[in-house]
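Next up: the structures, one after another.
Two complexes come next, and they have one chain in common, subunit A, joined by subunit B in the first and subunit C in the second.
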Partner chain A sequence: MQKRKSRIQAFLSHPLSQIILFVLILAVIQLLSAAGLISNSLVFAIGNTLIYAVIAIGFCLLLGYSGLASLGTAGFIGLGAYSAFYVMQEFGMPYIVALLATLVVSIVIGVVVGFISLRIEGIYLAILTLGLAEILRNLLMAMKSTVQIEIEKIRLFGLLMDTRGGYFLILVTFAVLFWLTANLIDSPTGRAMLAMKNSTSAAQAMGISLMKYRLLAFVISTVFAAVGGLLYMMYVRTMTTATSTLLTLTTSLNILGAVIIGGAKSLWGTTFGVFIIYGIQSMFLSRIPFFIENPAFMTMVTGVLIILVVMFFPGGFAQIAVQLRQRLKQIAAKKGKEGGSDGG
Partner chain B sequence: MAASYVQVDRLRRKAQLYESLTDQDSRRWEGKLRTARAKLERAQAGLQATGLTLPEDVVLKVQDLCMYFGGIRAVDGLSFQVKKGEIFGLIGPNGAGKTTVFNCITQFYKPTSGTICFENKSGQVVDLNREKVHDVILHGIVRTFQNVEVVREVTVLENLLIAGHRQYTSNLIQQALHLPILKREEQLIRERALQVLDFMGLTGYKDWYAMGLPYGVLKKIEIARTLMCDPQLIILDEPAAGLNDTETAELAGLIRNIQKEYRCTILLVEHDMGLVMDICHTVCAISFGRLLAIGTPAQVQADPGVQSAYLGVSEEV
Partner chain C sequence: MFAAFVNTICGSLLTVCITCLATFAVTLIFKTSTTTNFAQGSIAALGCYVTAELFGTFDLPVWIGVFPGIVVGILVGLFVDVVIFRNGKNVNALGKQIITMGLVSLIFGGIPLIFGNPEAIPFEPFYNTVKMGTTPNFLIPFLGGELVLSKHAVLCAAITAVILAGLFLLLKFSKWGLAVRATAANEFTAELMGINSYAITAASWAIAGALGVLAAVMYAGGGTRIGPSFMTTIQVNAFLAGILGGFSTFHGPIVGAVCIPVAANCVGFLANFPGLSGITRWNMVIVYALMLVVILIKPQGLLGKPVVKKV
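Up next, the complex of A and B:
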């Protein structure tokens, strides 16, 4: 039995099996809603939250691993959203082409910001990316104030991506990007980024090129944000840029908050943080009459949560999980000991 | 086809990696090994000679090195040679420019003028001023820092893996997909890191996070890192700073051991005169960026210029 237990533990600690398990659970939720057991709006909210999780994972690599501060996430999301609109709605191309266009645009912008990050650091970089995001938002708004894609135009390999198909597409995208990022973190690249975050001089002395890894970090986070924008347009299909908060500083800050309260160096923690910041609002609070009448209080709840976590668990939810596990182990060890002495 | 040293070095590692893979499973990797070798040969043929030479037993030659920061002449026309396999000590009062010399050799600063010639691992003489700061390690020069620069967020073992960063040849896609080639490479470099930890007596700390470890251990981790890359020249910036007498004595033995075991040259800056006079074969004293004296520890100690720089000039003389 001990052997089987350790095998199960080994299976659960592998990131690939974790992600498969996670996807399966969320897929079952979708099927339950098809069977009428869970409300459709809850499933829609989960899909929406997963989109932010994709964005947050890219940001986790940038902030938690490379130590680069950016407040430009929203602008990069806009890039993806507008590429999706132009490619699919205006040119009538399939989803795959929109994805490619998004990748190209976001890689170019990521390289540009990466180069800037070689000269400007810390808080100044945050301000600069914030400015860049505002420029992008206004530019996109001037191009088209309301973007809307007709549902028939969203096709992946000929399949229509309606709300259900879109949900699965988001789930698969999340799983693939999560897995790739987890692999990168557990490889020379992830370690090089951490070295760069801790000490630029040590990193350079060890042969790590700051330019290469700063560019890489920015390209990855920009691509993930833009893919998030693309998924958003595919799933929600409409956005009025002037009134939507998606492309404003609010989103950038929410993503930052999610990564910090989740645990800046943990991908699962980050995912959990996104569910706290976005999920709690859209899945639970928005169903309570008090919060429906006073929507401002919803933001206050998340604000208080952030303060509590940062005050008592600076390592975020990832730290809470580690401490809980240690406590459980201690209790189990104690119980085992007591049991042993009783028997003796 | 013109090839740079960096490319040749990478191709050489790749060929070595495929060799070790072919030993395990010849059918699968033989073809790749052949292409890797062919590529390496072509690149080696295209490697341009630098046209620089050094005397037979010299590994590093610093000639007329100047480093000015605005009006401050931190290093002002300094020249010295380091022989192969020796422990070379650079001493001088505070602000003499010792660390600046190190930063110039490792290219953290680009010197205002002067040349720094170095015979690298493959016996080629290179002008270090033409190298990028992160490529210096490929030639076999590694350094430690005055104020310990250990990556505190990762374990001791991972710190060594970071030091082995340039030994990985897997590209981004191979890393993102965790392909077998990356895993094999990781295994080889991990083995090497464990050997180094064993040599340094750090095996017990292998899985500890560097954050919160005692200062003496952090200093050892820094030295261990330098051993990850077949060092030709190890540069130690005040290795004994902050250590107590016992630890300093231990350090002296360790530095001698490293020099013997890894057959490398060691260049160090140190304020602990006892240590310098004990382990160094050659000592070079500088003051205000200029050479005061160079020679055996006894010669330098007896030099009147060195004495006055450290103690001040007596009025009576």
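Up next, the complex of A and C:
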């Protein structure tokens, strides 16, 4: 019994099995909705939230592990969204080509931002990347103010990516990127990034090349954000850049907020933070009659939640989880002791 | 052609004033609380709504209605610093940023709750309420052409100039100014020297709130339709102006705040030349890109001093 329990624990603590389990549960939810047990809008909201989770995980690597603050996320999302539009809608190419185009564009931009980060640091870098995001947003808006992809144009290996197919594609993308990031964090690269975050001078003294790892961190987070934009266009299929807040500072701040309140150094914490900022509204609050009548309260609830978490739990939800687990362990140990003395 | 160019520059007068006020507010908070206040624009919008409500519902002239708005801005600013920041557990610079962001959500949600449909509120420029005649512009003969100056902009420029001059004089010569500069240099050492840095940061948030609301009312009076996020562009420009001028001084960001709107209008002026008529769409792209280049060449800002880093 004990042995089996520890084996289950070992299985559950492995990141790969965690992510597979998580994705399987979400896949089952989709199947349940196909059977009519769960509303379609809830499933759509889950898919939408996961897109932001993909973006936030890339940002987690940048902020939590490399210590680089960026407010350019929204601009990078726009890059992905617009390359998706041009490749799939205008040129009629399949999804894979759009993915490749997104990768190429985002890697180029990521390298550029990485080089900028070598000259400018801290909050200055954050504001400068905000400027860059504004450049990208204005540039994209000047190119085309409304982008829209017809559903027939979105094909992956000949399969039509409608809302259902798109949902599974998001799940797979999330799982793959989550797993890659989790591995990267535990690799020498991740350790080097962490060293760089804690002290650039000490890291350099240990022979860590700032240029290499800063470029890498920015390229990865830019790629994740652009892939998020691509997924968004695949899933939602339309965006009016002039009125949508997707490409404005709001999104960059929301992603930053999700990573902070989730716990900047925890991938699951980040995913949970995204759920708090994006998911709660679309999945639950928008179903409660009171909030349907007063949508403004939803925004306010999110705002209050963010403020309270940062005020009282600087380590985010990851910290709350750790504290809870310790408390439970203490209680369990106490109980075990009492039980032991009783038996003796 | 030259007269047209001067007119173009004069056209940016109002935006320059608004950006200057917002930038000073951002700089003051950045220097005393070491954080960027993302709620600057939202607090300003909230105060502006109060003014608009007083104007629309109670027929109070804008120049009187602006004071209750400013009071709201001051109160919200004080609330952020005194209630939220002081009671948080070791909130660092990044945490403060996130808190201001949470505040943005709070205000965004709160405005429609308190004031209802934002488009229903009308707004009138200052000049109408202080009896400067009925035409919106001063027309001054200039080099054979005519110089068009908006009365609203001129009035705002005068107010801005008086306020900024007063603030800079206070910074330079008053005890408060000395305390602000000391807190900005190093909060911990300033406290050791007997400066009440709590009062200084609280006062900074109050001043920033007031300046933001004033800027928002000026902006709305200039014909911009108010909404919960109508100050966002100004706020973003204020941040960028701070970087462009260099946050290490107080006057640097103001220089940046003058440069950005003027540069935007100058780029817009290029549209008058044959073959360049499409340039207005790319206006802000060009300005931001130019700025990026300047900052990359001079990372500490136009007037900034290089930061000496110790290991």
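Convention: the second predicted complex is superposed on the first by the 344 of 344 C-alpha atoms of A that agree within 3 Å, B and C clash if a C-alpha of one lies under 4 Å from a C-alpha of the other, contacts with A are read in each partner's own complex, and residues count from 1 in each chain.
Basically, a residue touches a chain if its C-beta (ideal position, glycine included) is under 8 Å from a C-beta of that chain, and two chains touch if they have at least 3 such contacts.
Worth saying up front: this structure is predicted, and the values here are computed from it rather than measured.
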Superposition on subunit A - do subunit B and subunit C clash or fit: fit
Degrees between the directions from subunit A toward subunit B and toward subunit C, using C-alpha centres, nearest 10: 90
Touched partner set for A:Ile307, first subunit B, second subunit C, both or neither: second
Partner chain in contact with A:Phe290 - subunit B first, subunit C second, else both or neither: neither
Which of subunit B and subunit C A:Thr248 touches, first, second, both or neither: second
Partner chain(s) touched by A:Met206 [first = subunit B, second = subunit C, both, neither]: first
Subunit B versus subunit C as contact partner of A:Leu194, first or second or both or neither: first
Contacts of A:Phe157 with subunit B and subunit C, given as first, second, both or neither: neither
Subunit B versus subunit C, judged by how many residues of subunit A each one touches: C
Minimum distance between Cα atoms of subunit B and subunit C in the superposition (Å): 7
Touching both subunit C and subunit B, counted on subunit A across the two superposed complexes: 201
Interface residues, subunit B side, partner subunit A - complex: 106, 108, 132-138, 142-143, 145, 149-154, 158, 161-163, 165-166, 168, 170, 172, 175-178, 182, 186, 225, 229
Parts of subunit A lying in touch with subunit C, wherever the complex brings them together: 69, 116, 119-120, 123-124, 126-128, 130-132, 134-135, 138-139, 142, 201, 248-250, 253-254, 256-257, 260-261, 294, 296-307, 310-314
Parts of subunit A lying in touch with subunit B, wherever the complex brings them together: 180, 183-184, 186-189, 191-192, 194-195, 197-199, 201-210, 216, 265
Of subunit C, residues touching subunit A in the complex: 30, 35-36, 38, 84, 87-95, 97-99, 101-113, 229, 232, 236, 239-240, 242-243, 247, 281-285, 288-289, 291-292, 295-296, 299, 311
